[in-house]
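Same chain, two partners: subunit A is paired with subunit B first, then with subunit C.
Now for the complex of A and B:
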């Protein structure tokens, strides 16, 4: 049985769907990647799972953790789940911590909310946690305020908060996007190690296919608030079936130099992500897709069992992944 | 730390010194000499000159200023031009009315502002929050003396619960003194509280939208818990700024309110001494108020550094 099962998850903003009919499952200890461009609904999906949607947004559908439906849980019961069973690492380490509180206290708080331990015991736990996220001098460093730490250090504090109670599932929303490139790999490796040590499951949200494919066993691709494809990482990388996934793959491969675009040109996906509420009816990728036909005016069903795809005309041949995508430089 | 203290103290002293020069200059430029006012329009020039010499007002202005400063620094405030009585006890008696009035006014203001601001922020999408926000808007629009007169009519004249005016000295009855301060401090504090409530509301709204509050909730805190744990301190930074400014507003408001309720406070003393050209008393009162305002600002500055570690004592 899955640890987390998301089905028919829909989130509306004033009647405009930001997330529509999203479904995926994570089993215990599994690392699942959620990938898509900005505006594809990744963050909203994570916040809906946590029950932390901004005011005015409501989630419908079903989010089941360990047999418990989270969407219908009272705020009181849900707050007992947050932090202890599911934890979240946010995108912005600069603002995710209280600027007026010592970082050690912010970690200690996370422990004391869920466990009936004394102040001193919680502090000892915190001092043991800090070396695990890479602080060599926890006594001194736990007394710092967030502004005295670098972005990478702050994010490691946020990670320490997330793992403090040994949650079964950690949602990491673009945990390295705001960091320096040199620090990104460190933080990512740290997150992966910790998750594996604890046996937690991980939902890693990113727009960066390279990041997700290096960490995750399975990948869910979102576009326009919908899941367009999901498969195991090797399967998705070698045999993408949705034209959007293929285009994504193409853009990230092109940078490596082994793509087929001429030097000095970055491969792009033609067009741009529509504004919220401006997505076309039918298939959301319509208008940017070159396999488009009349049938795409109708929303495609999701087909497949292990390798799910929502496309009327999925790619079938793994031999030529570039066939369907317009290539060329910017503006081509 | 030491450098901060020295720098701030220097600022305070320089500000007060500048204030003293300003006050002295302005009051001495004003038309009408004290001797002329004291003796009335029928006085002979000779008697006016005699009184001027007696009061030391014939001396060069610089010397008069230095005399005054010397008195202030040694806390010998001198004698009133009019009554000839020493100023210090008179000012002290007035302070016994005004200081409690301002403090109570501040308390009333805070008691209104903090809950009203908090509730209207937390419930800002509900009718209750909107109603509270509207009520504070109305509160801001009412001048404090109008509110004072309204309270006198309703609570004192109609309901006869509290005295309409006057002051029972603390020495004769503490309860009586407090009773005579209730209506004045409510009319003083209500308006200031309404203004402050708007700032509290904005500050709390900012905190509610802050990422760290979401982090706290992701840890498993309920919104209320998270607000108490992280919100109060963070919201306090902008509120303390306004609170410092509000205190100056309260002191100015006290002058008006004392007139409405005929309280023998510093405000009444200031008004009568201005009318009488009792210049030395006016100067002393203005310096007293200036000192309180400057010290309040110093206190706010220190509070900032206590609340927010990012400001630090060195900068």
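Now for the complex of A and C:
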């Protein structure tokens, strides 16, 4: 049984669907990646799951965590779920942390909000947590304020808060996008180790296919507010079925290769990502797709079981020339 | 430098000699660049990589002589640019142009795109038919002729970056400095703009200084690379050589940290990552 089951999730902004009929599931302990560019609806999906949509937006459909429907939960009950059962890590740790409070206190408070423990016991747990997120001197470092820490250190404090109550699911939305690449690697490695250690599931949301495919076992690809494809990571990388996924892979491989694609000859996707509400009717990738036909004026159904694709003319493997692209040697 | 043989006889266009730049106050200086020496030679496609706070953008401003070094000197075509007057800098202003990360902040939202592109022609006192020059430039960056009458907000991010590139090319520069020029673009659009840059560099014989935090993009587009760490050049050389066999521990950490498709996340050795100033 799935830990989290999202089905038919739809969110409208002033009548324009920004997320349409999104469905995916996460098993306990699984690491799932949600990938998309701007306007793909990935962040709105995350906020809808957490019940944190901006004012005026409402989610329809269903988000079930451990058998509990979250979309119909009262704010009071939802608050209890957030932090204890699902925790989140966002892109900018400075907005998640209180600038006027010592970081240790913020971790201690997070524990005390969700669990009935005394101040001293919570503080002891905080002092045990900090070394787990890479702070070697917790007594001293817990007394710092957020501005006294680097971006990577702040994000590790946010991660400490996220894991404090042993949540079943950690939802991380672009957690390393604002960080330098060496710090990104540290934070991703840490996140991966922690969820593995305590058996939490991870929903990692990112625009970066390399990041998601390195951390996650399965990947959901979103474009224009819809899930266009989902599969296990190795399957998606070697046998993409949606033309958009394939184009993303070609572009990423061209840039991330061993300098073997001559400058000026990167594979590209024609056009640009439409603005919100400007995505075409029918298939959302229409107009940028090289496999487009008349039928694509109608929205394609989602087909497949383990490997889902929403396309009238999906790539077929393995005779397809695209399947010849291997994953080996990329950027190594 | 190992590359010396390959480009013999080509004197540097731009040179930094032991340049130090400090910000902050006299009693509490922040050293943005320290004793940096590097050069940009004709037809170079030079990558400048480093993380936040490494001094990349300071280096760009000094190369463009938008500010002066505290120590050392910046030379343009062999001549020191220290203490030059505005008119003496005019040649450099025409010859060295820049494209920034965010075209929204580099283009005036109230100006028609055609006027933005022609602006350097006017301010640098370049004679000629500006209107037809704008059309040439729009064509060069792959935008339709009618774009000249439109405003920046009517374009997508990738198109706005094309406008910024057209503007930078208006004065027929020899050197194009791209400061994180594709970093804000969506993956599917980034490749288009990178291809455009590479083709323009070839077509106009431009020298490119490509400043970026993105190692993969630098490897793709550049021939030479300078690695900055905390205001110092820790390594420089041919791109392929630096990527295949990085010598400095920081360069090694930087390269091993780049995530790859289906790769594994490898946390680099703790390279000062505990330090709050990093």
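By definition in this document, the second predicted complex is superposed on the first by the 308 of 332 C-alpha atoms of A that agree within 3 Å, B and C clash if a C-alpha of one lies under 4 Å from a C-alpha of the other, contacts with A are read in each partner's own complex, and residues count from 1 in each chain.
Note that in this section a contact is a pair of C-beta atoms (placed from the backbone, for glycine too) under 8 Å apart; a residue touches a chain by one contact, two chains touch by 3 or more.
Not measured: the values here are computed from a predicted model.
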Worksheet item: On subunit A, do subunit B and subunit C fit together or clash when superposed?
Response: fit
Practice prompt. Could you say whether A:116 touches subunit B, subunit C, both of them, or neither, answering first, second, both or neither?
Written response: neither
Practice prompt. For A:92, select first, second, both or neither according to whether it touches subunit B, subunit C, the two together, or no partner.
Written response: first
Discussion item. Output check: A:79 vs subunit B and subunit C. Expected answer is one of first, second, both, neither. What do you get?
Written reply: first
Practice prompt. Pick one for A:233: touches subunit B only (first), subunit C only (second), both, or neither.
Written response: second
Worksheet item: Who contacts more of subunit A, subunit B or subunit C?
Response: C
Discussion item. Tell me the angle subtended at the Cα centre of subunit A by the Cα centres of subunit B and subunit C, rounded to the nearest 10 °.
Written reply: 80
Discussion item. Taking the superposition on A as described, I'd like to know which of subunit B and subunit C A:278 touches: first, second, both or neither.
Written reply: neither
Response to the item:
Superposed, subunit B and subunit C have a smallest C-alpha gap in Å of 12
Practice prompt. Could you pull out which residues of subunit A sit against subunit B in one structure and against subunit C in the other?
Written response: none
Discussion item. Show me the residue ranges of subunit B that touch subunit A in the complex, using the header's touch definition.
Written reply: 125, 210-212, 214-223, 225, 229-230, 233-234, 307-310
Worksheet item: Which of the residues in subunit A come into contact with subunit B in the complex?
Response: 50, 52, 55-56, 75-76, 79-84, 87-88, 90, 92, 95-101, 106, 109-110, 113-114, 145, 147, 158, 161-162, 164
Worksheet item: In the complex formed with subunit A, which residues of subunit C make contact?
Response: 45, 51-52, 156-159, 186-192, 194-195, 198-199, 201-202, 213, 215-217, 219-221, 239-240, 243, 253-254, 256-268, 271, 273-278
Fill in: Footprint of subunit C on subunit A - complex, ascending
37-38, 134, 136, 148-153, 180-186, 188-190, 192, 207-211, 213-215, 233-234, 237, 247-249, 251-257, 259, 261, 263-269, 272-273, 275, 288, 327, 330-332
